[in-house]
Amino acid sequence: MSVSTMEAALLLAGVLFMLGLISVLIRRNIIFMLISVEIMLNAAGLAFIVAGSKWVQPDGQVMFIFILTMAAAEVSVGLALILQIYHQLKTLDSDAANFMKG
Amino acid sequence: MENYIWLIPALPFLGSLLLILFGTRLSRALVAILGVGSVGFSALITILLGLQFLSEKPAFYQQEVWQWFSVAGFNPSIAFHLDALSIVFIFVITFVGFLIHLYSTAYMADDADFSRFFACMNLFVGSMLMLVMADNLLLLYLGWEGVGLCSYLLIGFWYKEPANGYAARKAFIITRVGDTAMAIGLFILFQTFGTLNIQAILTQAPEVWSVGAQMAVLVGLLLLGGAVGKSGQLPLQTWLPDAMAGPTPVSALIHAATMVTAGVYLIARMYVIFELAPLAQTMVAVIGAVTLLLAGFSALTQYDLKRVLAYSTISQIGYMFLALGVGAWSAGIFHFMIHAFFKALLFLCAGAIILALHHEQDMRKMGGLRKSMPVVFWTFLIGAASLAALPIITSGFYSKDQILWYTLAGPNGNIWLYLAGLFGAFITSVYTFRMVFMTFYGAPKTHLDHPPGKLITIPLVILAILSLVGGFIELPHNFAHLALFSDLMAPVLPGITANELLAANEWLFQVLAAVVSLGGVYVAYLFYQKSPGMLHSLERSSLAMKLHRFWFSGWGFDALYDNLLVRPYVFLANINKRDIIDSFYTGLARMAEGFHVMFSQTQSGVLRNYVAGIVVGAIMILTISLLL
Amino acid sequence: MSQTDFLHLMPLLILTVAALVNMLVIAAWRNHKIIYVITAVSFVAAFLSLFELRGITAYAIDPLFVIDGFGVFYIGLILATALLISMLSYAYFEQREEQKEEYYILLILSTLGACTLVISTHFASLFLGLEVLSVALYSLISYLRTRERSDEAGIKYLILAAFSSAFLLFGMALVYFSVGTMTFAGIATAMSGLQELPLLLLTGFGMMIIGIGFKLSVVPFHMWTPDVYEGAPAPVTAFIATVSKAGVLGIMIRFFLEVDGFRYPTLITIFTIVAISSMIAGNLLALMQKNVKRILAYSSISHLGYLLVAFLAGNQMGVEAITFYLVAYFITTVGAFGVVAMLSDKERDAELLEDYRGLLWRRPWTATAFTAMLLSLAGIPLTAGFVGKFYILAAGVSTQLWLLVAMLVLNSVIGLYYYIKVIAVMFQQPETEAETPKKRLRPSIYLASVGTLVVLTLLLLIVGVYPAALVEIIQNVFATAPEMVAR
Amino acid sequence: MILLWMIVILMAGGLLAWLSKKLHPVLPRWIALFAVSADFAIALYLWLGTPAASLGASPWLMQMEVPWVPQWGVNFILALDGLSLLMLLLTFFIGILAVLISWREIKVKTGFFHFNLLWVLAGITGVFLTMDLFLFYFFWEVMLIPMYFLIGVWGHANRNYAAYKFFIFTQASGLLMLLAILGLYFIHGSQTGNYTFNYFELLGTELAPEEARFLMFGFLAAFLVKLPVVPFHSWLPDAHSEAPTAGSVILAGLLLKTGAYGLLRFVLPLFPTATVEFAPWAMLLGVVGIIYGAILAYSQTDLKRLVAYTSVSHMGFVILGVFAFNQWALQGVVMQMIAHGLSTGALFIIAGFLYERLHTRDIGQMGGFWSKAPKMGVIAMVFVMASLGLPGLGNFIAEFLTLVGSWQANNWLTVFATIGVVLATAYSLRIMRKVFYEPAPSDHPLPDLNAREMLIAVPMVVVILWLGLYPQPILDTAQPSINQQLQAYQEPEVEKEKVAVVEVPEAKLRIEEVKK
């Protein structure tokens, strides 16, 4: 592959990352926030793969696997927490969870 | 004998120390013995020493008790230097002081704070002796401040009365102003001569400074400032009349006989400086002249017996300054001595009267005491005569005449000064006899109880005799030429020679002086005895009223200083009570709190804002890393 | 992996095993005490195993790890801290009805993560360590499920941490993309070649800084700190404040020194800004704060700012200063949160200033200990905090970072105010005679906590009065870490 | 070694006092009293044991040095010269008084109180003794915390605010000094390659004018705030008026003196050139302080606050004298430190006595006490007179020497300073009037001083009189160290060799003795 396509792929990852970022910013529902963060993580993974393929090394994909596992772990904990939150607040609106401030 | 010099001040100090420590527990008799005895003994020693001095005629006696301190060549010691000048002062202080103490035992007999009174009196005598015996200016300064303190303590002796306290503070602070000037003078002297030893300075000064040298003038003026403060001369005279708030013996001792003449002593002591600084010396003369007139006028208008005496004191010291100013040194000192006698006498008499009229001081409420208290009358009359300088018989005549004479005929004599002095003499005798007539003649207005006892009358008599004959040790040379006193002073203070062409007809001026004083008496008689109606008609004229009010208030100096200095200072102090600078720091604190509130807004607790925060940070960092 | 590799990784292995054993034991039969003992023992064992590695010169386990003096010291620091925290945890959890045992597993795991971090020399291991650390932390923070504050803190931390590690990862990816290797050494060599850094690389570093900065809770990535500190159980808060930061700081220093980041003004500028703003924001936020845990949170932000000053000094003295300061700061922080934990009861942590009013009159010794801790935080002599601050100042002055140093001084003055405020509250005489302290568990439970507090206080004073010993150790550590002594 | 003991006794005494509270409530008082007296005895022994003549060229009586943090070149150096000796005597004398005053006044937490009291004293002792800049800063801070507690726990109504203010002011300034110390340390290190905080070695440092100026300001910051000099004084009135009597006495009598001591010991010899160019401003500050403090004192209605402002005014003389750079002025400063320590301390003690009896510090509430409490009146009179600089009392010698000295340096400022003395008269007399003379608005019962209180007051009177009438012993003791500080201003080169080369071997030699 030529370098220019590499750049393009990286750009794609960047765009993906930005999308995730923005949706974290605008979403209020915690689950959606979690999902968008995952998107960002996957964007990073994609970037790794791109980089790996640029240097023709497996490392990029290795990192991607890592990221996936980690993301899975994170999401599982996250969902557990969200359950708890829902029990207590009866809502998933992240803005409602602001007992601690100042 | 000269080994016991140190006892002279030590005894009063010891006395006052004992009284302070145990005064409250001792019986009144014991207190009196301690208080009077200590001064009495030092008077005794003084007299013995004086006799020895007269017989041996040494230049001076010197005694160092201990080295006070010594820093890099600045080593004043607690040491005494006795020459004729200081001996005269010591004599007056101890002897008159002794009499007044004696008098006080009766006067203060039924006062609650008997012991405190004597403690302070002794302390005063001690410090005053320090002042006049010191061989260096720092020790002199110690005595100088010491007497200031004592006058503060004694003026405010009856402290329950706020007015007294006010008078006391006024005295202390105003004299302190003068002292400040003096202190600065000392700094300069030390810088120039590397020592504060009086004799050393006197000897070196002519070598270092030429006549009229700027520094000399400066020092002269500064010392004069100190003198003016203590001696109640213009412009720092305002404290003296108020100082009458103290018990009468105090007024007699401090504000007539001794302390207020400290200024005279200082100037006489440092005469070399003043001779090197003609300007300063002229200032002395002028201040003296002006003061004696102003005070005289004020004295004319007073009704309070003691205030009259106070103003007369101011004006008499004015004469002394005048004398010093024209270089008639010994004349000035001579007048000091005589004045001490008759002024103490007058005050003590006044005290006796006041006591008899249970603390009534207003002359308008007095009168007709001639019959009821003859001793006091006669003694007072003598005192008055001496103050008014009635010719021939009173010593006041001789001392004052000498001053007037040299004011005119002295090398730096001056006709205007002379006229001022002459007119002053006239006023003096007017207000003196105004006093006599108002108090002792006419109809009795207040019933008097317990006429004065022995302890009171004895000192009066002694002082009366002194103020009659005391002057006979110095008689004009055209009239049984006798100059014991000026001979005594000769080794210490430079003599003075009269201008020849005037000297020829000196008698003319003596007659003039005599006429003036007698004239004064007549005027007083006219207004206050023969036909009071004239006085009243005079008083009714609006101008006279204004003048009267103006003079009565002592030429409005008090008001002036109040509005010029005191009020602004107090105002300034009070508006800044909370200390403006502090508010700056509190301001800083407020600012920090403000920032805190601002920042804590960002901690909204809302998750998305936190995310936003991170994003902002991210943008910031990325922009930096891309731009730089 | 050879046997020597195992030997060198012994502490980490011990921790791993400990975690597994705990799990099995719990499965067999729940008992707080036993789990607690196992944990403590394993920490001690791991710590002791470090003595095998004393005076070691860099032993690389390519490409992921290197075990050198620096790493050993930091692992030691982390383990010791974790041990102390677990000590304090026992009494704290004993009085709560949740299932207590898993807490220790999570504690061990996140410690393990931190340890992995400080010895890793490769993005992969870095990432691995970081995530092991964080994922365990999520659940630790929200361990007391029944408190909604705890959950709130948990979810906040989770989202934000994931968010920031996305940045970190993307940054890594970019770096990898532009230099073609993920080992620090490789990156260093690649970079030493080029004078001006390519844009991508810089962007990568920038994003990594975001990820790291979040974990270090420096401005502007600090916002989570107070909430998480407040919501988390006191011992966990102590853990976040100390262990996790030690790990991240360790890796940061390692990486930065390796690639010699001090050559690049861009990075210096960024760090300077971050440092200053952290100091100021942290202190000002804490100024009028009424909640002790939040006060400590904010103060930790500013303390990180102080640390960055020494970090920016960039010479050996700086690194020594950081290390020394960390030790001092850990002693202090653990102690402080220990006191908080001690005073907490079933329902809630003792976190409001009110809970401390007149403490000196109720429980003089606890109050004294807490006072000592606060004074140390404020950097007052006789305490470790002072020497630490002195060391940092010295490092700053030695490289003429006048602006930063001035800021440090200014801020430690502001900081004084709120530390003293807490002390003042404790020393206030209660109007009503001291009310009887609330019902507590039997004293023997508190033995561990009290003992720990005593030890900490003594350490605080010893380090404060005779720092020479510690300084010596640290200097030796860096003597054996060659690539550090480069400058 | 004996120097170390002085500090150790205090610290150990403090801990003992704290713990002994459990055994018996009165024990702490006795322990404290004993500890301080022991130190006082030691100091006295040292003083009488060394006739002033024996302090020849080198002012150092004894020295000890043991490495403390070798890696940083920090040594535990204690050294004693005339100046420090005098300061120590003052410290312990006032310390004893402080313990005695608190005997009845302090009722709660007596153990902890005496712990703090003794540790403040220990810190102060350290400050006066140490010749290692790191150690100096260390002690400098050590004396603050216990002081903070003294104010914050046993103070009056508004104690917290005052305590904060005191602590933050002193800390802020102290940190600046720390920066300066570090700067000096690195400059000296980079010059000689020998990184050390040793005062004697640092004396030799050559500094570029710029550096010197900045470092000097660093040191000045700490000392001027502590002194205090006017724009930085505003912590003092609060601290003084809110502290318990013992606290105020120690603040006024000792803590302020550490500032003056610092100026003499460090600023003058370390930065000869910089100080000379700064001198006029410093003297100006002094004069401003004298007058500003006096004006503020005049308007105060809180007795302790009033006295506090008077010490602002009096400390003005100190800085005025220090920057006159001549023997008279510096001797005056030393005298001022001692005399002011006593006189102001005494005034605070009297304020304390009154507060114990009336539970108010408002002079509006007082009055006419002369008749009720003549003893108190006399003693108050003595110290009021001292504070307005009456000859025959210690303060006069101090102020006169200072002014004589400063006159040589700067005429106009001296004139204004002298005017300040008049203002001093105004506020001092105001005390007497309000408290002892004018009748009180309301009538309180006022028992006169009891035996214990006389035991406190009389020695102070005696000492202040002694200082006023025969200060020579003090002056002689201070002389050599003052020459030392001034050498930089006579022949700088000689001074550098002398201190850097001659003193240090001697120090080593001393240590040998110590070891034996």
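Note that the chains are named A, B, C and D in the order they appear, and that numbering of residues resets to 1 at the start of each chain.
Criterion: a contact is a pair of C-beta atoms (placed from the backbone, for glycine too) under 8 Å apart; a residue touches a chain by one contact, two chains touch by 3 or more.
These are the chains along with the protein names UniProt gives them: A = NADH-quinone oxidoreductase subunit K; B = NADH-quinone oxidoreductase subunit L; C = NADH-quinone oxidoreductase subunit N; D = NADH-quinone oxidoreductase subunit M.
Small disclaimer: the values here were computed from a predicted structure and weren't measured.
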Of B-D and C-D, whichever chain pair has more C-beta contact pairs: B-D
Averaged-CA centre spacing for the pair chain D and chain B, given as whole angstrom: 39
Between chain D and chain C, distance of the C-alpha-averaged centres to the nearest whole Å: 42
Approximate Å spacing (C-alpha centroids) for the pair chain A, chain C: 26
Between chain A and chain D, centroid-to-centroid distance (C-alpha), Å: 65
Per-residue overlap in chain C, given as positions that touch at least 2 other chains: 155-156, 159, 163, 226-227, 289, 417
Where chain B touches two or more other chains at once, by residue number: 600, 603, 605, 607, 611
Multi-partner residues of chain D (each touching 2 or more other chains): none
Every chain pair meeting the contact rule: A-B, A-C, B-C, B-D, C-D
In the complex, chain C residues that touch chain D: 360, 375, 380-382, 386, 390, 393-394, 397-398, 405-406, 409, 412-413, 416-417, 420-421, 423-424, 427-429, 466-468, 471-472, 475
Residues of chain C that touch chain A when the two form their complex: 123-124, 127-128, 131, 135, 138-139, 142, 145, 148-149, 151-156, 158-159, 162-163, 165-166, 169-170, 172-174, 176-177, 180-182, 226-227, 230-231, 289, 294
Contacting residues of chain C [partner chain B, same complex]: 155-156, 159-160, 163-164, 167, 199, 202-203, 205-207, 209-210, 213-214, 219-221, 223-224, 226-227, 265-267, 269-270, 273, 281, 284-285, 287-289, 414, 417
List of chain B residues in touch with chain A within their complex: 600, 603-608, 611-612, 615
Complex interface listing, chain D residues touching chain B: 165, 230-231, 233-234, 237, 295-296, 298-300, 326-328, 331, 368, 370-371, 374, 378, 385, 390-392, 396-397, 400-401, 403-404, 407-408, 414-415, 418-419, 421-422, 425-426, 429, 433, 436-439, 469-472, 475
